[in-house]
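Let me begin by handing over the structure; questions about it come next.
Order of writing sets the labels: A, B, C and D. Residues in every chain begin at 1.
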Amino acid sequence: MIRVTIWNEFIHERTKPQVQAVYPQGIHRVIAESLSTRLGSAVEVRTATLDEPEHGLSDEVLASTDVLFWWGHGAHDRVEDAIVDRVAKRVWEGMGLVVLHSAHASKIFGRLMGTGCMLRWRDLGERERLWIVAPGHPITAGLDREYFELPQSEMYGEHFDIPPPDDLVFISWFAGGEVLRSGCTFRRGKGKIFYFSPGHETFPIYHDANVQQVLANAALWAAPSGGGAYENRGRQISQPLEQFRPPTA
Amino acid sequence: MIRVTIWNEFIHERTKPQVQAVYPQGIHRVIAESLSTRLGSAVEVRTATLDEPEHGLSDEVLASTDVLFWWGHGAHDRVEDAIVDRVAKRVWEGMGLVVLHSAHASKIFGRLMGTGCMLRWRDLGERERLWIVAPGHPITAGLDREYFELPQSEMYGEHFDIPPPDDLVFISWFAGGEVLRSGCTFRRGKGKIFYFSPGHETFPIYHDANVQQVLANAALWAAPSGGGAYENRGRQISQPLEQFRPPTA
Amino acid sequence: MIRVTIWNEFIHERTKPQVQAVYPQGIHRVIAESLSTRLGSAVEVRTATLDEPEHGLSDEVLASTDVLFWWGHGAHDRVEDAIVDRVAKRVWEGMGLVVLHSAHASKIFGRLMGTGCMLRWRDLGERERLWIVAPGHPITAGLDREYFELPQSEMYGEHFDIPPPDDLVFISWFAGGEVLRSGCTFRRGKGKIFYFSPGHETFPIYHDANVQQVLANAALWAAPSGGGAYENRGRQISQPLEQFRPPTA
Amino acid sequence: MIRVTIWNEFIHERTKPQVQAVYPQGIHRVIAESLSTRLGSAVEVRTATLDEPEHGLSDEVLASTDVLFWWGHGAHDRVEDAIVDRVAKRVWEGMGLVVLHSAHASKIFGRLMGTGCMLRWRDLGERERLWIVAPGHPITAGLDREYFELPQSEMYGEHFDIPPPDDLVFISWFAGGEVLRSGCTFRRGKGKIFYFSPGHETFPIYHDANVQQVLANAALWAAPSGGGAYENRGRQISQPLEQFRPPTA
């Protein structure tokens, strides 16, 4: 059973009527319900938001989280650095991280990427078509065509300032003339990271069946799945594993 | 349920007493039993060998195979090109392929890699230590240390003439002074490929618990898991998906 | 000084008036002149075509070629397998290879990639915009914006059946609704390979200044530049490099 | 002409006699002289050290630096965060960065990698053999064998906590039983980064001819070489590049 926590800064939905109309209880609730519906007993889903104590991300919560979803937009700076450190450490230890839409500019994504993570954007509600460039990748499970479409989306375009992704899964085409590497995976320590760009707060992106399918796939893919020892701190080894002729002084 | 077929050229075990002593019924039988024991009802395992009609790899067998394991050594040239083509096509369509030990020099591996796939070797039975360089990778599940060892192994060393792997999972250290990228993943079409170098025919490598764990992990990892349309042949599209101003002659 | 050979099947230019109008002396001549003009004494440029003996690619020619450009379209099957083998072997030894446009379906590209290399296409002359997704890559030298455009181009679209490229340099946007990984690098043996998709025979693509800049960059980038021993054939090593305790029988 | 700055924390050489014996004027001076000797007028080399104002890395110095070498060991924490930010920004803009030995634990490397960057070590002066796993890579130019050796080296071993490198150039074998991905490249923004692990302060590593060759190659490879627009900050685009039907409210 995969323990998922959906984090949302949860501001727009309480302050902007047009966002409230699409996500009356918050983006996190819609994502949480969609994961529960699609994955059933394979997952246990909780939510956490910015205004909770420790942003809802206490040591206990993180220690019992297998995959963390992250949506943020206007309040990246209000996320405390100590919490960002805590999340990064858990990713290194193996927790999966699914970074959504405007969270490309979140502190945690920048910390893990080592780049500026910025891009170009235009908010006119144009058509976005997500082409699958890695058919067969687990994150594409259940998508049976070459692409899927979002009739109205915010354009996020190149150059997207990320390191070369390990796996490039989706490339988006936008009616207005841009492209984006819109589905990208990265490994950091033992943790798997997936960035997925669709997700605007007023277009009903997270109600879309294909988007929900991708997020469910991402939860399964990002769950801790491997062994091998990992240490965040170095270790001095005093004895050689094998005999060899030591130097003479 | 993952349908696995273990292919073995099955010659040494019938012709060389010292191989027969280690694998009396063939390498394929030991691998098959190990997968069945470890994965239980998650897999259904068959075997196929060189001397069977169509090398045991008829269209029907391949069509009902999710993951194909391949062990060959001295008779690569006896594998018919038409069968190699057939296997390659199935990999492109999504069948997983686990390439073992001396099968680095098999026709099918070379066909899928596009390189010579050769390496250096020395058969003195020296210690091999496999370091995990991708902790958290699904293929390392259940390995709880930084490395595992094989007390006697055939040295396979760099330069190993493969394309840069997608994921480098293991690097081997050899007592005699060499290293090898000994666990490597590749994607070709929708198919996932894992090359794993340990597997000599007289050292009891496939009886080793850690090796068996890696092979079980590889079967799960390589199983078809994703969507997206795939075509081996191109396709002309007569109509644009979007309206655009066509050129005037 | 980099010795470049431009190979062209050179059929359309002699048989179709509308191609002859754009490339009266052949695509290879335009590319050759453009490289000579842009790179001056840094290169020495020759051409070779399908109808010459050995397709113009004798052992002598290949042995004195640092970078081979390859344009083919309708006559891939007429290229002899022995010549394809010869070219592949030279790439492994370090010769650079720049694969152009419809040569995605050439024998040599398929041989080196290990995949079907097919894609979708539509020949209506729509706008193509090439976005730079790897700014700073040597192949983008001299391109000072985020993208460049071709007003009329043949659409080549995903899914493009190639292995994950080492470096993804360009992604193309097409007015009709598709995208393509249109500039991709691969390493095979010691050789560097660059696939670049623009290059239709009736649109004047190779007269475009930005395309010419990319091809000049590619010639410099693909030239042999590194050391390290390479062998296409394996090698048995009889003595260990280091002392170790040999097994007792 | 490539403008190189060699940065060294320059402490051990002034405080420890056994380091002073090997590097009487500092590690930075030996590297600087070696680059000047090998590359001649192709480079202009300066040095900078921790105790200089702004650690010798003023805006003016960085603005006129094409490639920055970085050696640090015991005083990573004394490097001011503002200077680290400044260096990171310059890398993103295109400055090359060559990270040496114990600088794997430097602030700047961790900032650009997004991981802990730690490893295992043992300081007994054992033999290190660096195997070339990417023959043909520019960083291997002039190395004509499969490997080169350092008779006495500090062991740095896996697991090395870095993101999967773009190019894996060297893998080290250590007599005591470990391996390391010892030569790795990464892209961040427009900047090229090379980590190279040999470089202990009491073994005369930077006097070794092969190591000097690698560092000279790295200076050439990491120099800014490409185009494409890069912005560290995002940009809102108000007008679409292409006409499309805007949504009706």
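In this section, a contact is a pair of C-beta atoms (placed from the backbone, for glycine too) under 8 Å apart; a residue touches a chain by one contact, two chains touch by 3 or more.
This structure is a prediction, so every number in the text was calculated from the model and none was measured.
A count of contacting C-beta pairs for A-D and for C-D identifies A-D as the more extensively joined pair.
The chain with its Cα centre farthest from the Cα centre of chain B is D. For the pair chain A and chain D, the distance between mean C-alpha positions equals 30 Å. Distance between chain centres (mean CA atoms), chain C to chain D: 31 Å. Along chain D, residues 120, 127, 129, 132, 134-135, 146, 157, 159, 164, 166-167, 175, 177-178, 187, 189, 228-230, 241-242, 244 each make contact with two or more other chains.
Contact residues on chain A toward chain C in their complex (touch as defined above): 120, 129, 131-135, 146-147, 157-160, 164, 167-168, 171-174, 177-179, 181, 242, 244. Considering their complex, residues 94, 127, 129, 132, 134-146, 166-167, 175, 187, 189-192, 224-230, 241-242 of chain B touch chain A.
Contact residues on chain B toward chain C in their complex (touch as defined above): 88, 92, 105, 111-116, 118-127, 152, 155, 157, 159, 161, 163-164, 166, 175-178, 186-189, 228-242, 244-247.
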